[in-house]
Amino acid sequence: MSVALHRQLGLTDDEFAQIPILIGRAPTDPELVMFSLMWSEHCSYKHSRRMLRRFPTDGPHVLQGPGENAGAVDVGDGWAIALKVESHNHPSAVEPFEGAATGVGGIVRDILALGARPIALLDSLRFGTLESARSRHLFTRAVAGIGHYGNCIGVPTVGGEVVFDDRYEDSCLVNAMCIGLVRADGMLRAAAFGTGNLLVLIGNRTGRDGIGGASVLASAELSADDEDKRPSVQVSDPFTERKLMDCCLELAADDLLLALQDLGAAGLTSAASEMAAKGGVGLDIDLDRVHLREEGMAPAEILVSESQERMLGLVSPDKLPDVLESCARWELDANVIGTVTGTGNFTARHGGEVVVDIPASALTDDAPWYEVPRTPGPAATPLALDAVPVPADLGAAWLDLLGRPNIASKRWIYQQYDHLVGANTIRRPGGDAAVIRIPGMRRALAITTDCAERHCELDPRGGGRASVFEAARNIACTGAVPYAASDCLNFANPEKASTGWRLAEAIEGMSEALEAISVPVVSGNVSLYNESPARAIYPTPVVGMIGLLEDAGASVGHAFAQPRDAIVLLGGGAARLDASEWLGAALGAPALPDLAGEAALIGVMVVAAGAGLLRSAHDVSGGGVAVTLAESALAGGIGCSVALPLGRRADETLFGESGERIVVTCRPDALPALRAIAGDVPLAVIGSVGGGTVDVQLGDATVSLDLEAARIAYEATLTEALA
Amino acid sequence: MIAVVRFPGSLDHDSAVRAVEAAGGTATYAWHADRALPAGTRAVVLPGGFSYGDHLRPGAIASRSPIMDAVRRHADAGGLVLGICNGFQVLCEAGLLPGVLRTNATTSFVCRQVELEVLDHDTPFTRDLGAGLSIPIKNHDGAWYGDPADARIVLSYGMENPLGSIASAAGVANAQGNVLGLMPHPEEAVDRLLGSTDGLGLFTALVRA
Amino acid sequence: MTRVVVTVMPRDGVLDPQGQAVQGALARLGFAGIHDVRLGRRIELELDGPDPLAQAREMCDRLLANPLIEDFTVAIED
Amino acid sequence: MTRVVVTVMPRDGVLDPQGQAVQGALARLGFAGIHDVRLGRRIELELDGPDPLAQAREMCDRLLANPLIEDFTVAIED
């Protein structure tokens, strides 16, 4: 072998040198493979761990902050909501259908590991433009995979987002968010404890799925062209996942589980070492008792296989018969593969021999960490408005904008997702945040994912703030109080250029915004190295947020409701074309979101909705106020007529973007009450609902949008591009 | 008592129970491996989902499970059986309803609200329904295929026919009218909060049985 | 016109949830002695042109099979 | 042990929307001269027992094929 094994496995020489110091001898081959995976960026966050400490993670309602499989918050009446966002970017680029599907499966098991019933999914997607045949293929297959998995396991996919941009041509992003419901006092943790307690592996058999670095070992041991020893792509099996969900929830409800842990990246190695390290105990695992799908798997392969749809339960010996019986009833394989010991070591046997015997904490807590270079990127320069051509026909420009892939209706996507299963979906996809009833409660949840990636490219701190505020505004538009967040930081190579600085700045901006609205981050995920020699992605810190609505029946939608309702623009944001959808490029210098202003606007929304004043609400985001008005009109099947101050230029006024603006409607006689609630938050009555067109008067001129033409432009794009 | 049959991979069983309760009845689960329906069963619901992962053909594996013999006996004795989505597929595969459900003409999963026409008011299920119902569909294999001359097409999608069913069929009954299968999900339309209560009538019919 | 039959099967070692589900169902129906069930696709193509086999192979590479998880064969049927 | 191959195809005259979709996709990829595409299933069974062909046929009757829309054949593969 020309290159040392540890390098083939992705360990640096320095990292490799640490191992004997930690364990007092040279590692065995399986141990080396385990270290290589546990010390990878994916498992150890070695480039981002320190920066993540900046996030606000506390709050009176936080039951579980970062550190477990998912975070959880108290939502009252003894119930907790678990939430987490996770990426499956690289697998989706290789095999989009299975990659995206297994991404959904993975996040669902993270929620399940808390003993929570998964009740909603969202997907946040970034792909190359629809002009690219490759991107169309990847996107179509990823959507199909997400739909297939979510639909089959019966968890509604209630929302998400997608952005098409050339910067994602080589590195698409597939992030998924899952929400779960669990009794606050019945939440499971992943920590192992109690010498003699048993580890039970439940679910699919273990094959050579997704064995990363370990394949190097396998091919070094065996002849390199040995076909069937090659690692295989993970194939999703949602039917087994559903049984696993039903079975684990039944076990949890019957109090048969002491701890529960999903098997994700690095498989059994990561699951078991984390359980041991969290509980400060050891685990003795017999690899011969792991149910295998293939013959002749090497110990290292069994230890790091990423076969899907598996969970690891901790069971006391007297409960074992009940556990096995339940698993049999669900037609799931279940095997006792190990026991808790007092040594603190991760011990594994194979064929009667000890092949691994190392402190579990060496794998988890002793992973290296790196300070990444924080070379600042160039400062953004404001857009010269003169350089942006004035559209000859504003009406035509408006129609064009409505049909752009990043603005156009996402019906083609969410129609392929069962967004109703469970019979709790109050506000379906198509508006701002989705709203779902919390089963058995009067309260409801609003859920969204958002990210301002172009803003982040130009100014990561401002973009970090904007990403949080966009999510919070979407939540607030339903009348819900922003309550908790999860995030997925998708970035390029942290060791190169300004990526480290961007990451730190984005985290700073997100944290500032989260603090401004008192929303804690309770879980999250980092995905780095999203770049090719040709392109790096925009910094894409996806924010997943939930909000709480006191009365499920009082949520607000984005559709115009009644003729003659007053249309009100709330908030102090100023329309600018910098980085806007109309500009279609990351150019200019978007304004730094104002912490106090955004927080005040969100507060006003919540109070106004709570007072029952709002008939509709829709924030101003991509495409500016013109798109906001058109979307509310299309959703309600009724037009409006509005007058706006002309501003610097008509196209900027119509299509310019910024945060801190929401268009609401109310009965005309509710205006005084709304004004009183708004207080210092800027409020402008701009028109009224009615008619079959959206008319906007700007100075002397009126721009008019025909609703039927708008509907065609808005609905056709994705369907036609992806036919 | 209404029995809601649960197969591995059933998804809408809880919603079906809630719908029965919304209609003023009580429900209990029957397990696929059981050979008899729960004592006191007056009517049966086969809920939506992906029983056995929809592998091979949707509903095929579930239709051969032990509980289906008991469902058949219940139907033969004139008892009411309502199959929703996957339940409809199971009933067709079991031969309790004519035809079979095939992949949608779109070849994709379709989740959306549809407007249904009630074509046949002369079954125990449809006696009290209005002329039209607004209920969501959500399925991948919902195109009914069969001979309309041999089937009682009770519900139709009208002119729209979004899934490509023969005769635009959305719901089909057996000759006696006591077994009904439909692709739309009435259990998702029993609560004003979720947008429509048009599905409630089907559950009221079961509760009355 | 030539009829070409394309057979696409899950690769060895790749999880075959469909095959597993069918195997379980057959066992529950009382069939004994089933050691393995694998489920794949059979695609019958009616093709014109000089080299239908080569064409079918290209179709497999570009659309009909997923080389990461499936193996395919093509054959002319008479 | 015998390997029996079961082939299940849509019956003649039964519309095959999936086959049509594949045909459309192949045409969009630029393949010409495709007259028909039919999509079916291939099921490979590893069976023990005295008469594997008869057993496979019974499996088809009882589960593997739906006679309303599908035809099947069984064959021993060596």
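Side notes on the structure shown:
In order of appearance the chains are A, B, C and D, and numbering begins at 1 in each one.
Everything that follows uses one rule, which is that a contact is a pair of C-beta atoms (placed from the backbone, for glycine too) under 8 Å apart; a residue touches a chain by one contact, two chains touch by 3 or more.
The model shown is predicted, which means the values in this text are computed figures rather than measured ones.
Each of B-C and A-B has its own count of C-beta contacts, and the greater count is at A-B. Averaged Cα coordinates give chain B a centre that lies 33 Å from the centre of chain C. Distance from the chain A centre to the chain C centre is 36 Å, each centre being the mean of its Cα atoms.
Rounded to a whole number, the gap between the C-alpha centres of chain B and chain D is 29 angstrom. Shared contact sites, meaning residues of chain D that touch two or more other chains, fall at 41, 62-64. Looking at chain B, residues 52-53, 55-56, 61, 64 sit in touch with two or more other chains.
Of all residues in chain A, those touching 2 or more other chains are 237, 239-240, 331, listed in ascending order.
The full set of touching chain pairs reads A-B, A-C, B-C, B-D, C-D.
The touching residues of chain B, when paired with chain A in their complex, are 8-9, 11-12, 14-15, 18-19, 48-50, 52-55, 108-112, 136, 138, 140, 185, 187-188, 190-191, 193-194.
Chain C contributes residues 10-17, 21, 24, 66, 68-69 to its touches with chain A in the complex. Taken in their complex, chain D has these residues touching chain C: 1, 7-9, 19, 22, 25-26, 29, 31-49, 55, 58-59, 62-64.
Partner chain C is touched in their complex by these residues of chain A: 94-95, 98, 204, 207-209, 227-228, 230, 232-235, 237, 239-240, 293-294, 307-308, 331.
Here chain D touches chain B in the complex through residues 14, 17-18, 21, 41, 62-64, 66, 68-69, going by the rule given at the top.
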